[in-house]
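Next up: the structures, one after another.
Paired with chain B in one complex and with chain C in the other, chain A is shared by the two complexes that follow.
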Partner chain A sequence: MSSQLELKELVKEYKGFRAVDKINIQIQKGDILSLLGPSGCGKTTTLRMIAGLLTPTEGDVFLAGEKITEKPPYKRDIAMVFQNYALFPHMRVYGNVVYGLKNRGIKDKKILRKKAEEVLSIVQLEGVEDRFPRQLSGGQQQRVSLARAMVVEPKIMLFDEPLSNLDAKLRVQTRIEIRNLLKQLNITAIYVTHDQEEALTISDWIAVMNKGRIEQLASPTELYSMPKTKFVADFIGHANLLEGVVEKISEGHVEVMLHNGILVHCISPAKIHVGDKRFILVRPENINLFPVESTEENLFDAVVEERNFLGSVVRYKVRLASGIALECEIHPDYAFAEVRDAVKVQFNKEKMVLVG
Partner chain B sequence: MRKYKVAGTIFNSVVYLFLLLPLIVVIITSFGEGNRAVFPTHGFTLKWYSEALHNVDFFESVFISLKIAVVSTLISAVLGTMVSLYFWKTKGRLKEIFELVFMAPMVVPTVVYAVAFLLAFSSWKFVVPYWKLVLSYCAIQIPYVIRSVTAALYGLDVSFEEASLVLGARPMKTLYKVTLPCIKRGIISGIIFAFVVSFDEAVIIMFLRNASTVTYPLRLYTHITEQFSPMVSAFSAVFILISFVVIYVIERIFGLSNMYQ
Partner chain C sequence: MKQKEKKWTYVNKWYIILPLAFLMVIYLIPLGRMLWLSICDKETGEYTAEYFMAFFKDGYYIGVLSRTLILSLWSVVFCIIMGYPVAYKVAHMKGWKRSIATTFLVLPLWVSITIRMFGWMAILPKSGVFSIILQALHIISEPQNFLGSNVGVIMGLIHCGLPYFAMIMISPIENVDPYVEEASYVFGAGFVKTFFKVTLPLTSPGIVSGALLVFALNTAAFMVPVMLGGGKVMVMTNMIYQQTMFIFDWNFAAALSVVLLFVSMFIVTLSSFLSNKMRIQE
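Up next is the complex of A and B:
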């Protein structure tokens, strides 16, 4: 099956500095892929190469099977939503929305009017056609820029951190709306963000980028539960990373000796050898706290250092007798332990993953 | 706080008075009965206005000045905007050299340019006097256009252009539909500056003077050295009035309150 967008060995170099370093991505029609990473990781550079606003140093871009590496942006069948919306300030909302249609040769006023009305009703902004962008709120401007991009029915829609100028609450609401809209209209999209929560909720696939390379490309669930590298484990969600040495490899799982002498079992997606020094990821929600008098097996002694009530969970910071600090999240009903209490810690064995 | 406010108001008024006083003096002298424009005046008459109204030479000069200013302003607005766009898009050594060349008329004394134009045109005899002036004025007007258009461009977000390109508009269309409308205010203020520079010009004209191109500033100067009657004041008073009206209209149409962003 040919993919809707393919990036092949894409490189962008600036005077000896590789902003993007041999990136390979393939996505199918209707899928939403996020490029996620810290600032300077090359995610925006990659997006701009897909848009044609930058020319790659090496490699190729294919859109629906056609090589578009050398094509200027105005000949690619794409649309883009910008961080600052980039609505033309001298045009009314209507002028902004039909701009792309006019460039595609549609001149009939009736068709233009009808399409604009349709798309504005999809983004729930009826009746603002005659306003200027400056007369709209940030959220409304964001919807207009979404409508302006969507109305041309592009082969792919590009998003450059489109929610970072909205306030927190609106951001959470809008990202769900954007996802529903893209899914409903079966639009293929590339979404650039540095906000991992946003990436997790909005995408089918996430490519975590670091220093111009893709660290891991996987579904949000896989990325969270089976991160391949320490960087990914640390970047997505909260992570406890424990250093250890591989002791024994059996089918599906490995035994790892933590540097404090505790032997733990864990799953391992990566290729490893006995004697390798690796990190084990334990998510805070996969650690349980027991009263100090418990006699269940696999319990480790620890002391509570911090206790933060966050509403749906209580986040603890505990320190094992061996000196390792752990973060764990406990349901408030079971959050009996107070600061400086002695407790016993249990790791959820099925959820310990060897990374990097 | 109140004390500071009062002091501020007084200071402001003094500055405004300082700026406006010469204009006020000109207007007052235009009503004087004497044959020479002197201040303070005595008596009150409107005869200088009627004389001004019937002075064919003056009107002819105003017309020549306008003919030069309009054409040279148009040329310098187009060229200046193009150069500004080039500066906006380019980096490097060549740009710096061009910047120096184009902006020089703002810092180099006009007299130097006047001599240069005189020498240059003395070898290009095929250029008629009218175009000599138009071209010379263009050279000294362009930096004013560049300065004001460049300021507008540096305040312009590149994502407008990018959005236009991505939405399928070719670069030329993007220029006309997006970039130029976005910097409209900069271009208009550049045009105003440039027009004033040309209409006002009194140095170069001394060097390139010709019987067929007696511009308004030159006519005024000649009149003052020969007669200096209050008719000059009457003419100037009318110009002061026109300037204020024009500035008011421009402010209303393109003023801060009505411009986007």
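Up next is the complex of A and C:
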């Protein structure tokens, strides 16, 4: 099966600086792929090349099997939701929503009216057709922007950080709604964001980008539990990264000597050799704290440095006797330790991952 | 006890009173005197409408008024057509290129109108560059003298109005959100369609204010019709000058000024009213 969108060796160069450096992506129809990364990583540049607003220096863009690299944006069957909504301020909501349809040659007023009503009811905005964008709240404007994009039934929908202008609560609610809508209508989408939580909830696939390259393209679950590189591990969620040297490799597991002399077992997705210097990822939720008098195996001495109550968890910063600082998250019911208490630390062995 | 508000910004009421007083003396008082002169009989000093009657009864005067407005209107039309693209380009420039472009745009304003019109007096005659260019473009077949013609005066008026119009348009064009134009491209409109459906409507308030400024300036233009009209193109300003300086009929001159003032004011008010109505569309 051919993919809905394919980026082949895509490069964008600005005066010797590569904003996007040989990117390859394929996504199937109905899938949502996020481009995730810090600002300046090339994610927006990539999106704008898919939209046709920028021309790639090298490489090609294929939409549903057709090469569209050279096509101007208005000849591509796409739609886009912008960060600042980019609604036409001089047109009413109705005019905004039917703009794309009119340009696609639909002239019949009845059809236009019907389609606009339909799509506005999908985004739960009935009865605002005759208002101007400025008369709507930010959330409503973003829905109009979403409706304007959905109504043209594009081959691919592009999202450029669409939620970053909304307040936190609305953002969480809207991203779930966007995912549900896209899934319900089987729309293929590329979603650009710098918010990892947003990317994790909304997408089927995430491409983590850094310095113009894709660090890892994987499902949200895989990305979180099996990051390939230190950058990905650090960027997605909270991470403790411990430096160590590979001591012994056995089936699926490796033994790694941390630089403080502690030997730990962990799983490794990457190819490694004995003697390699690597990082071990331990997520904060995979570290347990025990009272200092505990006698279980594999416990390390540590001292609590910070204790932050976050509601559903308590986040600790503890320092091992060897000097390594760790972040861990404990359920409030078990968060007995206070600042400056001596505790014992246990790593969840099954969840320790060797990264690049 | 209420605390007295501390003043540390020094925005003072005198900032507005002094300039207003200045304007009052040099603008409002003469204006009032002019209004009074126009409705006051020069012999008896009683109220009279005779000067206005004289104006509106005579087809010649009405003709001068309409010529004034038509010349001004044409110059406005050409200023929009020629100035908008310039402003569009400059608004999309950055850095030193933009500084250079803006400098060149206002450069003509550093030279007095009289000098610039001397330039046009060299361009417009039968043997001048203007005639040669029009012949080359096959717009006219024979060499033609444009000095002392309506076309010549319009050229001068465009020359004077264009820098103002272009400068005024830069900021409204710049204020159009580039993402809104991009949204138009993404939703299937090409450059031309985007221009007429998005950019132009969004900048129309700017066009109106620019056009009104040029219109007001050019209706009141004096040197241009004097120098390029060569005495053959009579407009309101010339006629007022004639009445005051040669015929010494100050009362009639005042009436002419009042007519010009009110007609301009009426047109300006009407256009801004209409443009406000038009802005809300679709």
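Here is the rule we go by: the second predicted complex is superposed on the first by the 356 of 356 C-alpha atoms of A that agree within 3 Å, B and C clash if a C-alpha of one lies under 4 Å from a C-alpha of the other, contacts with A are read in each partner's own complex, and residues count from 1 in each chain.
The criterion applied here is as follows: a contact is a pair of C-beta atoms (placed from the backbone, for glycine too) under 8 Å apart; a residue touches a chain by one contact, two chains touch by 3 or more.
Being a predicted model, the structure only gives us computed values, none of them experimental.
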{"item": "Combined model on chain A where chain B meets chain C, clash or fit", "value": "clash"}
{"item": "Partner chain(s) touched by A:Arg134 [first = chain B, second = chain C, both, neither]", "value": "first"}
{"item": "Which superposed partner A:Phe62 touches (first chain B, second chain C, both, neither)", "value": "neither"}
{"item": "Partner chain(s) touched by A:Arg92 [first = chain B, second = chain C, both, neither]", "value": "second"}
{"item": "First, second, both or neither for A:Asn84, with chain B first and chain C second", "value": "both"}
{"item": "Overlapping contact positions on chain A, where the chain C interface meets the chain B interface", "value": "51-53, 72-74, 78-80, 82-84, 86-90, 99-100, 103-104, 148, 152, 158"}
{"item": "Complex contacts: residues of chain A adjacent to chain B", "value": "51-53, 72-74, 76, 78-80, 82-84, 86-90, 99-100, 103-104, 132, 134, 148-149, 152, 158"}
{"item": "Residues of chain C defined as touching chain A within the complex", "value": "177, 179-180, 182-190, 193, 197-198, 201-202, 279-282"}
{"item": "Residues of chain B that touch chain A when the two form their complex", "value": "157, 159-160, 162-171, 173-174, 177-178, 181-182, 184, 260-261"}
{"item": "Of chain A, residues touching chain C in the complex", "value": "51-53, 72-74, 78-80, 82-84, 86-92, 94-95, 99-100, 103-104, 148, 152, 158"}
